[in-house]
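The following pair of complexes shares a single chain, chain A, combined with chain B in the former and chain C in the latter.
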Partner chain A sequence: MQTSKGQLGALGAPAVLFTVAMIAFPVAYTLYLSFEAFSSTGTTRFIGAGNYTRMVNDESFWNGVVITFYLYILSLVLQLFFGTALALLMFRAKRLPGFVRSLFISPFMLPPVVAGMMWLVILDPSLGAANYILTSLGLPPSEWLASPQWVVPTLALIDTWQWSPYVALIVLGGLQSLPPSVYEAAEIDGASGWKRLWRITLPLLLPTLVTAMVLRSVDLLRFFDLIYITTQGGPANASLTLNIYGFRTGFEFFQLGYASALMVTLSVIVLGVTLALNRLRHIVAW
Partner chain B sequence: MSSLANRPSDRLIAVLDVVLLVAAGIAVLAPVAWMVLSSFKQSYEVTAYPPTIFFQPTLDNYRSLSQTTPFLQFGINSLIVTIGSTALGMLLGAPAAFVVSWTRITWPAIVTLVARMAPGTLFLLPWYVMFRQFDMIGTYSALILTHAVITMPIVIWVLLPFFDNIPRSVFEAAQVDGCNPVRIFWRIALPLVVSGLAVSAILAFVFSWNYFLFALVLSNSDTKTLIAASFNFIGEGSTNWGGLMAAATLIALPPLALSFVVQRWLISGLTLGAVKG
Partner chain C sequence: MQREETMASRKLTLVGGIVAALALSTTAGSALAQGFDWKAHKGETITFLANNNPVASAILKHQDEFTALTGIKLKVDSYQEQQMRQRLLTVLNARSDEVDVFMTLPSREGRQYAAAGWYTDLTPFVKDSVSSDYDFDGLGKALVDAARFDGILTGLPLNIEGPVLYYRTDIFKKCNVEPPKTIADIQSAAQTIKKCDSSITPFASRGLKPALPYTFSNFLHNMGGEYMKDGKSNLCSPEGKAALQAYANLLKDYGPPGVVNYSFYQLTSLYRAGRSAMSFQSSNEFPSVMEGGARLKDTAIVPLPKGDGGSVPTTIGWALTISAFSDHKDAAWYFLQWATSPKMQAELALEGIAPPRQSVSQDPQYKAWLEEQPLRQQWQKTLDELAKTGTSEVGFPIVENPESREYIGQAVDQILLGEADVDTACKAADEALDGLIARQ
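And now, the complex of A and B:
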């Protein structure tokens, strides 16, 4: 029995060692770095909470917090709405041809970087197809990613295009696991379609929706690839999320200590939102 | 049911449903189709305004891609890093998933969720300092090690339910016969989860291939992956949209093709088991 335990330990040990070396130690090291200042020669010195006091007084930091949450909430609302609507349609259609599922997988399996390259061309302010469609419909063209005012909504739209189908497939899974008896009972009671949706289906779906929210929140709060490939935080810092700001502080200006403080803060935000949503999941569970 | 469904208003709703579904399908597909179409356009046609839908297709963009950029070298780099990190993730993750399933000690698996939740830059900062110390920046090893942080948790969380589905009596019988855990893992458990191994390998491959951030900092011009090299293509893209779209199409091809293969398991894999697809 003792050797059996030892052997199990041996099977698990490589993964544990790797996790310690590549995940646990680096996280601890970032925490340590966030209390250090780097000189141009690469030496470090302890500056206590210096990076954090600098952060609190840094306008770019607060700008980053606001943009992060603006982009997060806008994207989350849009993709929950479109994802749920798409799932309800797919659920009602019953016999969907097999290729439909493959079709709806393709956006979120596309590398985000490729999605960025693709939309850069479509949304080009002067020659892009999007503005051609707008103007032929008699609408004014948009500067899209080149406009400080529209860059965040545009990024949210691109992300919504990419991830609504993912939300839809999660919600569809939830719909399919609802007991059919609740629908039958409602139908016999003569409840109208809308009433059934609002009073029965959506409340029963809440746990699934919260799960989808948790999964999307983790990605949306640390939104990186799409922004970095398209705008790098511009124009005029209008899409400089906390994550992009932290990255550029670290790897363009090589202020590794300050960048660490920013990343620790962002991680705490992600963790806090995840824990809050998890609590919500327990509340809405049935 | 049937009498209700035949009311005219219900039939109208059914038609409306189909129309909306088709519209959603077009909205999803059109941008990707536009990317692929543009990659086959002549340079004067790709920036034509108004944009053209019908045109004489050409392979020029794909041909010039290999002449004007080290596309092939980037592709080989991507394959080395992706296959290396998938293999490493499988080697580390498969036995770990087996141990978690056997012992029900879940905290090591939960720790790997940190890798899924934390922003990549949180890891990249200390890695950068560490790899600089060991003179490893720009090496394949650094890229494979860091991408394994993406692949290992995927392998663990995808394989876990496959191991859990093996009846405990199978292991108990093997133990009575004098089999030790290592032997049970190799000879009994692994052969029973072959499909799980395939799914986890494919998902790990896709996510490693698509990953942008680590290679952005830790690679150099010789080891750059296709995804990290995207900036090179965009730089030229200002004048050469056809080439940019050809590059985008080629980069997207492996993950798209592979994810169709595993689409049945995709959702449960992507949600780390939180949702059964």
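And now, the complex of A and C:
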């Protein structure tokens, strides 16, 4: 029995409609809320672009933008560097025992809350292991997450510890798909290992690296759970990313309209960065 | 984390459970005799949104007894404090009947939820539908009043708590320091201890921005300060500045490294490990602090010593309330009445949940529990003092109380981190808070 295209369409329509509704409704509703003002007694009124104009003059918003990008760029650079290094190591050491490979990739399997709690204990300036090790080596102790200067780099390091293995897996896939003929030609021409890495491997890996950047960018720009567990945006406002600021504004201070406007803005930023990176992917494609 | 109320739970003995069951059966019997029928709502189901803290855990150990007594089925949704509030916000904002009973902190969100009309007024229930053994008047008056907004009784107290000063008697003795009698004494004691034993943190308290108003408020009130005067923020008053300076400088000069991120968890760990000489933190942490027994013999507990304005401790408590959108308000009221009854609160007290009823502290079983350890008696004596003289004002007495705490925390942290002096910090906070007050 033959099935017509129309019949197939009718069969698939409910699932498609459901999926679209699940995506479209929350987005549309958040957009709608972003034009509303919520009083603390729960009443709402339409204020047009009021929430957006408020954002322009809101110091915490701009502070959030700066911290979001600072954390994003620092984490991304570190993760690409260590992820690529780890992938090269795993690619070269083909005989690496299975459990060592599993150990390498295990951090990103931990739930962020567990990772957050674990690092909170390790980095405690008074009782944590990190300062114990530093002082045992004769180095000065650090305040880690409690230092306004160091909180973002510390968060970036924790995230790098957790997500570099994920980047490594993506890069490893890319390494395995590189054409061997290029390497054979380079070897015949007498290119050294470093030259092969800089002139062949890394340029050919660029599309893979950009894919990893896209995947990590979405998460990093929405950085939330680790900060929520460890600092809640502090000390002072030193780790108050846009996402944390929006969350606290909505769920702790009841300003759901303004929080929605903040989240719409963050979504636009994420979308913009993703589109820009997608364009870059086309440019570096080979 | 912003949890103000935490406590390690003690295991309830089997004997205690049986006694509770018998006691409640007796309560039911005598109530029935007077026309109150615990079975009036048999077969109904109510949903309880609980904060997953020791108070709720202790109550829920007895939930089968509630169902046996009333025939009402209890469905429990349990979350951590922050997540519980997120869920509440979603449910109540949608005016949904999904939640019948929930836990609330009147000192924090009471005014806000009351203004939004999210609480059921419990006044008619406590007047007209009570078992003869309930003794509504036996509940701590200050806590009941703290849950009353514009004449509406929004909740019934489950426990009593407040920040108290835990200090190490052995270190004080070794360093030849007298127990502090004033806030200034805390500063001089901390200074002496710092010189005497550099391995000990002289003083520790909350530094985490959203959490610190709980402890700071006691400093402000003891200094004679008040958050608002003539409808304006009053942090830059001489008393306000003195409190900001005293609290922030104690943490800055004598606190542990990283104190700016400290909440209950770090404070308890540090004190229990014997690494701090004075710890100003929640009375609820008593069981956790004493866990392992290392601190039982070398600790003393007192309310925060007085300041220039005398002694005005912070005294708050969790309350149990009924959602305004509940379809089972009468059945929900039975749960409230059962959970806050004298007998039930006597049971909870044996697990270290400080009772909000004076009568419970006279309960023979509870008295025996207190007498097992002299320090438990000190703890109870301190709580009695809190109940008598305390205020539940934590943060500004406005609808946006939760947001007001943000600016108080910011002012303290700016001084603590050396980002601003007290004048700059209080001025910025006053400006932000005046804006918040005006928004009401």
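Following the convention adopted for this analysis, the second predicted complex is superposed on the first by the 265 of 286 C-alpha atoms of A that agree within 3 Å, B and C clash if a C-alpha of one lies under 4 Å from a C-alpha of the other, contacts with A are read in each partner's own complex, and residues count from 1 in each chain.
Rule of thumb we're sticking to: a residue touches a chain if its C-beta (ideal position, glycine included) is under 8 Å from a C-beta of that chain, and two chains touch if they have at least 3 such contacts.
Keep in mind it's a predicted model, so treat the numbers as computed, not measured.
Considered on the superposed chain A, chain B and chain C are sterically incompatible, since they clash.
When the two complexes are overlaid on their common chain A, residue A:18 makes contact with chain B while staying clear of chain C.
Residue contacts after overlaying the shared chain place A:114 against chain B, while chain C stays out of touching range.
Using the contact criterion defined above for the overlaid structures, shared-chain residue A:132 touches chain B, although it does not reach chain C.
Counting the residues of chain A touched by each of chain B and chain C gives the higher count for B. In the superposition on chain A, A:264 makes contact with chain B only, not with chain C. By the touch criterion defined above, A:90 reaches chain B but does not reach chain C.
Using the contact criterion defined above for the overlaid structures, shared-chain residue A:251 touches chain B and also reaches chain C. In the superposition on chain A, A:144 contacts chain C only, with no contact to chain B. In the superposition on chain A, contact is made by A:215 with chain B only, not with chain C. By the touch criterion defined above, A:235 lies against chain C but remains apart from chain B after alignment on the C-alpha atoms of chain A. Clashing C-alpha atoms with chain B appear in a single stretch of chain C, chosen from 73-81, 199-207 or 361-369: 73-81. Comparing which residues of chain A touch chain B with which touch chain C, the overlap comprises 126-127, 251, 256. Every residue of chain A that touches chain C in the complex is listed here, in rising order: 40-42, 124-127, 131, 141, 143-148, 230-237, 248, 251-254, 256.
Those residues of chain C that touch chain A in the complex are listed here as 1-2, 82, 85-86, 89, 92-93, 112, 115-118, 201, 207-210, 256-261, 266, 269-270, 273, 275, 399-400, 402-403, 406, 410, 413-414, 417, 419, 440. Taken together, the chain A residues at the contact with chain B in this complex read 3-4, 7-8, 10-12, 14-16, 18-19, 22-27, 29-30, 33, 86, 89-90, 92-93, 100-114, 116-122, 126-127, 129, 132, 136, 161, 165-166, 169-170, 173-174, 177, 187, 193, 208, 211, 214-215, 218, 221-222, 224-225, 228-229, 243, 246-247, 250-251, 256, 259-260, 263-264, 266-267, 270-271, 274.
Those residues of chain B whose C-beta lies close enough to touch chain A in the complex are 4, 13, 17-18, 20-21, 24-25, 27-29, 31-32, 34-35, 38, 47, 49-51, 91-93, 95-96, 98-100, 102-103, 108, 111-112, 114-130, 145-146, 148-149, 152, 156, 175, 180-182, 185, 206, 209-210, 212-213, 216-217, 227, 230-231, 233-234, 237, 241, 244-245, 247-248, 251-252, 255-256, 259-260, 263, 266-267, 270-271, 274-277.
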